[in-house]
Amino acid sequence: MTPLQIVFLIVTVATLISAVMVVSARRMLHAALWLILSLLGIAVLFVTLETSFFAIVQVMVYVGAIAILIVFAVMLTRRDIQDRDKVTNRGAWAAALAALGVAGGLVGALTGWQAFASIRPELAADSAAEGTRIAQLGMALVSPDAYAIPFEVASVLLIGALIGAIYVAGERK
Amino acid sequence: MIPLSWYLIFAALLFAVGLYGVMARRNSVGILMGIELMLNAVNVNLIAFWRYLYPDRLDGQVFVAVVLVAAAAEAVVGLALIISAYRRHKTVVADEMTLLKG
Amino acid sequence: MTIETLIWLIPLPPLLAFALIVLFTNRRKALSHTIAVAAAGISWLLGMVIFISAITREGLAENPFASAINWLPIGAEGAVIHPFQIGVQIDPLSAVTLFFVVWTVLMIFIYSIGYHNFGSPKGDADQPGLPPAGATLRDKKAKTKRVVPSVEPMYSRFFALISLFAFAMLVLVISDNFLTVYIGWEIMGFCSYALIGFWYAKPSARAAAVKAFMTTRVGDIFLLLGLVALYSVIGSLNYRDVIPNAQALMATSVIPGLSWAGLIGILMFIGVIGKSAQFPLHIWLPDAMEGPTPVSAMIHAATMVSAGVYLALRIFPLATMGWTPGEPITTAMTLMAFIGAFTALFAATIAVGQNDIKRVLAYSTISQLGYMIAALGVGAYVAAAFHLMTHAFFKALLFLGSGSVIHGMEHGVLHTGNHHLDPQDMRNMGGLKDRMPRTFWTFTIGGMALSGLPVVTAGFWSKDEILTGAFGSGHMVVFVVLAAAALLTAFYTARQITLTFLGKPRTSEAEHAHESAQTMTVPLIVLSVFAVAAGWVGIPHAFPGLGELVPNLFEEFVGSMPVYGAAGETAHVIEVAHSYIPLATSLLVSLGGLALGYLAYRDYQTAGAPDPVGRRLGFYWTWLENRYYFDEFYRWAFIRPSQWLSEVFTYRWVDKGIIDGFLHGVARGTLRAGGFVRNWIDVNVVNRLSDLTGVGVREAGTELRRVQSGHIQQYMITAALLLVVVGAVIYFMVLA
Amino acid sequence: MPNFWSDPVGFLIQWLTNLLTGLGLSPELVKFLLAFLGAALLPLMAMLFVVFLIWYERKLYARMQDRFGPNRLGPWGIFQTFADMGKIFTKEIITPAGVDLIPFNLAPILAVGAVLLVWAVMPLAPRIVGVDLSVGLIFVIAAGGFGELAIMLAGWGSNNKYALLGGFRAVALLLSYEVPMVIAMLIPAMLAGSLNLVEIVASQDVPYLLLAPVAALIFFITQVAESGRAPFDLVEAESELVAGYNTEYSGLKFGMFYVAEFLHAFTSSMLFVTLFLGGYRGPFANEFPLLGLVYLMVKTFIVYFVTILFRGALPRFRIDQMLDLNWKVLTPLILAMVFVTALVDKIVVQAGGPLLVRTIVLFVVNMLIFWFSSKLLQRNVRPPRRKVSVQRPLATANVTPSASQGQDNLSA
């Protein structure tokens, strides 16, 4: 049990608990805060994977943008400051059943995979290589014989989402 | 050193929790949060696999980047839809939006 | 600027035109069609350049024009998996296809200008989504008013959509892998949906659009499955990688007794069935006539159904893998042969019974496509490709001609003002020969080509080759069926021409019909040239007399395609001693059919009179007129059950039954118990009855209120539960 | 044992390690403790700066308004802030009825924390930096997100409509001004070819202010807006909404917002220095890191002085003007700058131009674009309202045509 593993366990438990709170909290705003917490937990997991880049992008995109959007939406669509109605719909138990089934299925399938337990390579602890890795990613994203097209498609997707959101949410004059 | 399996199992559980949120939450913003959780679970998987199996390849990172973009777009459009729906008939409760009733 | 670059550029102009029209010139009719036609023209020019350089290049089949770029470098290393690529490739087959596609597309574009009455005044009561209903011109001084055709309200929209359609087709033709083909395929699916439902205010058009989309979707799913299987087996979707991986493909697939090649071939062939309307999935095509006629020509001649056959030609190496000419054919080929032959005959018989001029053509298209598929099934690769080309030309010609006829009839309708009369019903026409001479002659040429008038027309040569192939490969059943179909083809063609053009006008509308505009007739003339001349490049050597004179260019060109996977041979027509039986047959059936058709319908005088042939056929005729009741059958067999599934299963049982049943069973139980006890404590009969009614009403209320569910999340829960169950079943039953 | 003057932090670490291990602690534990010590000291230092900062700003601000400002406590009233601190600490912390407790109490902590996070990656001097993070710049941006979150939570949690309006305004402001700011930060990263703040500083042989003046200007404006100072202080527009998002806060919680605001302004000035003014660089800074710290602080205070000049000189924007300025002027301009800078710099570097050439070319290009854009802006500037003076008619007994004409003039 190395310290890193202990950290990992603590973080995952915290993340899962806050995720459960996200889906079960009564007040939407609290749910949003729990969501932020779990997203931060995931960012920490990325750090344990030695990809500080994605950890920070995770924080920037999710906490800095998406979470704020969600909080915004919660504020704009509130009935009164504490929403009193039921948290879950009538099918909640079936939903729980299905979710458990999915989880069980996934974990079962994973444990069924024989190479599963064997993979535990030492990550090269190269915070120096991090920068070069980011540079490689950047080059790959724009070089035409690598990922230029997916990259452009993604940007087009963003533009489309932007325009669509403005059109949909904008007041009809 | 943390074995890969831990990450995968964690991701599976997180995914399931998000799925439950999507299926059971009444508030549609809550549904959106569930979707975000699921997307993040996917990201954890992608990065873990990339880091453990093919640390010298870029596929995993690119996919994570694309997933991030998709998540952002999805959140933007979804919230816009929710807000306009709220503006039309003052509710964000998924049960009460049954215009598609067969 | 190398040829490869030019190939990349081919599809772009229509796409650009689409964007421009949609974004900018939506209001400006003239500008819109100028842009669209100009784009088509540029594509045509590029296509011609490519075609010329392709036919002049030595050994094009072995080293085709090709270039590709990565777009998603992905996949486990070491394995055969290649990165996803977007690439273009011009080999003989795509060169030929490109040739007729660019020609027909350009012609159809030009034709559309006239068809949508460009230059005519705005209609009186036209609104978007309805066909233009004519405009009244009042002459102030002479106090006269006359009704003239009015311009299409959604003119620009039409050109935008059809440009996108052309783009998709060109992408499909020039691409070098199945994935890009699939992309173009799907874009075309959408465009056909949007164009068939172009007059979306007509309920029939809406229904037809949805029907076409859904029916082709069925095939597309299988096509996608085929793609996935192919990629998982050989790790690439490129045409060129199919044959080198023959042994990997020859391995037995998950289905015992069927090789991967065969399985993939069958899966993709189902996609072909959907797209080019073969037997079980043919129902959408006749309804597609709801769209404007240029669209019908586009879908049924130049692009969409041709795309189906084109794909069939592309999967030929898969379907025939491990087969060498002379041996018994593979499973996939057998499927092709029989579905094709059956469709050919079956659709031809239906075509005989139709009175709508466009529906006749639609069914004849189905049957002709059946021809090609059958030809592929018996291994006559070149014959199929040849017929694909000739058919594209003369069927485009026929559709455009029928559009011109309908246009003329609408003139008449506008003149008489009798809007109840159906301008597409051939029984209302007749005697149009004198009123619309150009249309008549071009249409006749097309009809002759369709029915295979010997020696001159293109259809004769291609059909003859198919029959020869069927005969030579020794599939007598296929041969006989195709011959019968050919007979019927000639028959209904003669019927159509006779009813439409010959004799005397049967209605006053037909009296007042007159020739269409130049923009419509010129494309007809151009296409009629091809309808005749396209056949001369494919005259078989063995043909008496001509064969020695004219070299069989087409066979030398397309025949050089490497297609037989196992042997790696090339696609020569099955070498048979050119016996005179198929030749005689095709001569006999075409001439005989034409003669019969003419004689039978020569003296059909009054509109609405019972069909002379129909009188003799009697009961069978009603079947023909109702297309063997296929739509009714499908409604009964598929649509009802699916509705039942959504309504009753998901909705009543799962939602009401399982979920609510669990939640409310307890409450109901107590309720019943309460009512029960009270009834037995209470001795008064009236009281008991009233209580029973009360309980009953309350229960009914609770039940009925619950039926109003339809929440999206509950469907999702159902889906997830089913997923878990099915996954568990597969995991434990199949894998373990 | 590194030399104190050349590497003070290394020296201290080494010294403390020896000391503690001498006390018999395990090396890992010592490492751990030292990390904590550093994490505790750095924010403390920042906070102490603020104490002085508040006095500095109040003094300058007062002078701009012809006042003395704080002048009672200590020389030039330099201890004024401590008195204020005492006041704030001793005030009652009121929790209004109906507040949403978690956001209400989380907000001030986040507000301060978000700013302090930036200090973790800020290179204070050669070899003196909290974390030498390879993606420091993105880290700074990410940390900014928490500030916005804090303001939203404060506005929401207070259960007060003015607070909520303030919160909404704040987020509208911050979110929209974050766009040009982030893009402006991209340009130094592009020029330095790294996201690492240390490397960005190290690569500034010429301050990037000269290579990218327009980006520097835009970054300056946006960072003023981001820290919610005048002229962008609609967040707490007293005249319109009582005090914005922190209306309901009192005592120490309010104090934290207050500190956060000052610290934010100061930190962004320091970021500006780091990105555009060569950070700690200066003569002999490399030999004597503490000198570098001094340079950094001097530069930072100069920039901060300009910020205060802004605050003192400019009136408050209206919200629509503010958003117009952002979306219609700053964002397009900075986007153009990114393209042009990338292109030109690539060309020059490819051509193997020396640093001088690179500097001159980029500077000229920047100036040209700035000139063009200003011309472009002037074209659709609303012309000043014309003064209409009316000839008043003379009061005469009998109505004369001139009078009637005067009437016409009047009515005209």
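We just call them A, B, C and D in the order they show up, numbering each chain from 1.
Just so it is clear, a contact is a pair of C-beta atoms (placed from the backbone, for glycine too) under 8 Å apart; a residue touches a chain by one contact, two chains touch by 3 or more.
From a predicted model like this one, the values you see are computed outputs, not experimental measurements.
Looking at chain A and chain C, the chains in contact with each of them are B. Among the chain pairings, A-B comes first (most C-beta pairs in contact). Chain B has its Cα centroid nearest to the centroid of all protein Cα atoms in the structure. Centre-to-centre spacing of chain A and chain D amounts to 30 Å, using the average Cα coordinate of each chain. Centre-to-centre separation of chain C and chain D, using mean CA positions: 64 Å. The mean-CA centres of chain B and chain C are about 39 angstrom from one another, to the nearest whole unit.
Centroid to centroid, with C-alpha atoms defining each point, chain A and chain B lie 7 Å apart.
Taken residue by residue, chain D touches two or more other chains at no position, since every residue touches fewer.
Across the assembly, chain B contributes residues 19, 23-24, 94-95 that each touch 2 or more other chains. Each of residues 73, 711, 713, 717, 720 in chain C touches at least two other chains.
Under the contact rule defined at the top, the touching pairs of chains are A-B, A-C, A-D, B-C.
Across the interface of their complex, chain B is touched by residues 2, 4-5, 8, 12, 15-16, 19-20, 22-23, 28, 31-32, 35, 38-39, 42, 45-46, 48-51, 54, 57-58, 61-62, 65-66, 69-70, 72-74, 76-77, 83, 85-89, 91-92, 95-96, 98-100, 102-103, 106-107, 110-111, 116-117, 119-124, 136-137, 140-141, 146-147, 150-151, 154-155, 157-158, 160-162, 164-166, 168-169 of chain A.
Residues 98, 100, 102-103, 106, 133-135, 138-139, 141-142, 144-146, 148-149, 152-153, 156, 159, 164, 168, 171, 175, 194-196 of chain D are the ones that touch chain A when the two sit in their complex. Remark: chain B residues 1-10, 12-21, 23-27, 29-30, 32-34, 36-37, 40, 43-44, 47-48, 51-53, 55, 58, 61-62, 64-66, 68-77, 79-84, 86, 92-95 touch chain A in the complex. For chain C in complex with chain A, the touching residues are 69-73, 86, 658-660, 662-663, 711, 713-714, 717, 720-721, 723-725, 727-728, 731.
Considering their complex, residues 73-74, 77, 646-647, 651, 708-713, 716-717, 720 of chain C touch chain B.
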